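Below are two complexes that have subunit A in common, paired first with subunit B and then with subunit C.
What follows is the complex of A and B.
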């Protein structure tokens, strides 16, 4: 049932996303050969499709990274944005572009800066939470994220004129990405998704507890570090594409684990559902932007996808907590 | 204060923990007035203030003095709001930043300013109050579902993140010329505070002081726990709502002119409890106000001078202080 339903959902959301961007079914068939002819086809090929691919890749990466964090740390509340990895990656990208170390449009430079920043943010949280329980890890993650946010505002003050360009990273948006931005992400994210899937056995053992892992001959600390490394690689690439997308990494893994039976299906389900969540959020952001486009406000405002995920994610999270209290 | 002096030391020399904050306040006031461009020597302040024609008079009277005043008052107000929240909810991590109170206020005021809504600036504290109350009420209503302190915090941060993203969406519609304003609503800043803003905010602080004093007895009772307070005949729900409303008023009044001054409401009460571990709500309130003012003005000196001539946002520095204090709290809890 789930095996048919989830891939179907992916295709449906993708079509919805493209039509929300204004594409006609005829254009879609016409660009299938990779040679756009008319203006509409060129818009679809050079803006619509890259935007869809960006949203799908970033969503899949965040969903799987959240799943890896939650299982290897044995903390239901671990998520890219609550462990300071995602804010750190955003800080890395912004620092590198502010100081002119990498060009804002360089895919490789952006990914490298995001990786460095993500490792920094994760390390801060790791140090703050060392030796504590899950409750402490949550607080440490919040503090680490606050620290990254403070550093980002200091960077903004350094060049206030760039605030408009920076906003998209702060709130998370997949708008305005073209194929040039995606040259690395199209193989980087699928590669690490496969690694994460291959590591399912390790994460499943880690989830059973450190003693359980040790008795099975797996060094728990080393294994956890490796799994966290995969998560950081995924989060950094997602952040270098789309900025600080909130809540996809927190909520999607819960849904994925609930939908699939055995642990073997968790990673693919998290990847597909993450893609669906972010593509769907961006489709509704496009529709809402078009709805307010007629008003006086609308011509200055493009609603970013990050706003939709944050609003929807907060509602879903409250619902999850409520459901767990009143089954 | 006097009684503690006599009891604690039995001699007329004031103890160190009273001298230090007083000295820090004097130093900060002097540096707030004197440092910067141009530097004005402390002994020349009276002379400069009497010479209305000079450039130094304008800098001192029109720029530095209002900024210093609002830094002191605003810092104290945010710190006291943090203490009220923590005491009313009996959770040391119940701070304005994690309860959606600060960001609610920031969104409401930012919407007024950015979209130039027809609201008089004098009423911005009221708008901020409404936003703070709405953000806090939303969080608390949602947090009722959570069982643990961690759950409450998580829901608080979720609501905060959602509200924050609304703030970003509002900012995305802003003009390039307004960006300076926007820092203010992200983390708080005292840049460009003039007598205008101070005179609009002062009445609200004046209103808040008696209200804060009124909450003191309620705080003492709420600390006993819900059952004990109920058995003493106190309406716990009403008392708690009243205290939270006063906290929202304080945050709202500060957010209008300077934005949510980040994390001062967390650090100042924390330090106040460290300084006077045996104190009651009254002593903590006083210490919290003083420490809030000290921390905020100190951070503002750094914000003004650290990367001069570039002005950095005050809140970015208070965040650093807040994270350090939080890390210390975590370490202390582990021991």
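What follows is the complex of A and C.
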């Protein structure tokens, strides 16, 4: 059932997202035909579709990265934003653009800066948690994330003029992304999703603990570092596209593992559900923006999708905690 | 020759746990490791399986040091049945046992065979778990968990099997079942088996050779009839007792009478000093 249900959900959410952006079925057909002619059709091709693809790629990357972190660190609360990797990537991009090292619109520069920052954040967490168990990793992750957040604030104070533009990105937004931003992400994220899927056996064995992994032929530390490397590659790209999207990487993996039977289905399910979550959040953000602004959109910027994922994610977490307390 | 240690030592926090262990386990042998709690039995098993790097000395598998083999190469030869199941939420018996295929198949090979891998199904069948294959590990009884641990080790299809207290927490019947099963498998597959056991009678009945560890050193090593003596009971285990011969199975049986007020014997000169 899951095999039919989840892909169907992906298609429905994508259509919902496009229509929330104001696209009509006719525009879609014209774009599919390869001849966007009218203004509406060109808006769909040049803004609506890249925005949809951005949300889908970033959502899939975060969902799978969260799954990799939760299984390899053996902690249900490990997530891109709680292990300092996502905050580190955000810091990397922000630092690189603030100091003029890379152009804000360069896909390659953004990804490179995000990778460096993500590795920095992950390394801080790794060092702080060294020698401790899975519980300590979460504390270390929170500390590392706070450190990264503090450095971001420092950068903002350094250049207060940029505050307005950066704020949306700090909350997480896929608005205003065009095809030029996606030239790397369209192959980078699918590539690492495939690697993550191919490493399924490694992550599931790591979940059983170091002794279990070692006697099954895995060097635990090396294998864990490799899996974390895949997660960082995914998170950095997602952060360079959409900023600090929260909760997708925390909540989606749990749902994916619950919905699928064997470990082989976890990565595909986390990718699809992650895409659904972020595309759905962005569609809701667009609809809400219209409701707030009335019918006239004008030049106002919309609600960032990160606000929706944060609110929805918090609600899901409260529901999970409530259900565990009152079964 | 199969597995050999040379001057194997290991310590933790400056305290020596094992010192100068020279042990050779021949192909096809069944060896029991006995000793009191903390005598280094489980540590020795972990050193022998390469999970723990030795402080000094070497472990050789067919003349090749374990330190020069990859973890996967070792796991294709040596399977370990640990004392506990990995605590993975939602993992089913079949999924756990299938993990035993990792050393042989690698990550990509395992993606091709979820749920229909012949070696996995055979290990499930041998341990009588086929009917429970879809059950989640948390829902298993103690005996079923034990069999799942054994099935995981069997799925590795290694020729050397290490069992760390395979009968712990089991009732009499399940203990016999597990040990009988291991004995049958050993005969059928020509396995080399090293078992950490607490029950000396089981060691005497189900293995050819007993290695008694005492304070980090080998105290006695030989066939059960030679190793199990009243002296061993007092020196290693700190109890006064008798050893009789079981009339039906023809193996020695230990009858502990009373704990000695002085406890186990002090170290011999070769054993490490404490403190």
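Following the convention adopted for this analysis, the second predicted complex is superposed on the first by the 318 of 327 C-alpha atoms of A that agree within 3 Å, B and C clash if a C-alpha of one lies under 4 Å from a C-alpha of the other, contacts with A are read in each partner's own complex, and residues count from 1 in each chain.
In this text, a contact is a pair of C-beta atoms (placed from the backbone, for glycine too) under 8 Å apart; a residue touches a chain by one contact, two chains touch by 3 or more.
All values reported here derive from a predicted model rather than from experimental measurement.
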| item | value |
| --- | --- |
| Room on subunit A for both subunit B and subunit C (clash or fit) | fit |
| Touched partner set for A:304, first subunit B, second subunit C, both or neither | first |
| Touching partner for A:212 - first (subunit B), second (subunit C), both, neither | second |
| Contacts of A:37 with subunit B and subunit C, given as first, second, both or neither | neither |
| First (subunit B), second (subunit C), both or neither touched by A:101 | neither |
| First, second, both or neither for A:178, with subunit B first and subunit C second | neither |
| First (subunit B), second (subunit C), both or neither touched by A:262 | second |
| Subunit C versus subunit B - closest C-alpha approach in the superposed model, Å | 14 |
| Contact footprint of subunit B on subunit A as seen in their complex | 77, 81-82, 128-129, 131-132, 134-136, 138-140, 142-144, 146-147, 149-151, 153-154, 156-158, 160-161, 163-164, 167, 170-171, 246-247, 297, 300-304, 306-307, 310-311, 313-314, 317-318, 321-322, 325-326 |
| Residue ranges of subunit C in contact with subunit A within the complex | 49-51, 70-76, 78-80, 82, 86-88, 90-91, 95, 99-100, 102-103, 106-108, 110-111, 114-115, 156 |
| Contact set on subunit B toward subunit A in their complex | 93, 97-98, 115, 142, 145-151, 153-155, 157-159, 161-162, 164-166, 168-169, 171-173, 176, 179-180, 182-183, 186-187, 262-263, 307, 310-313, 315-317, 319-320, 322-323, 326-327, 330, 333-334 |
| Partner subunit C, residues of subunit A touching it in the complex | 197-202, 204-205, 207-209, 211-212, 214-219, 257-258, 262-264 |
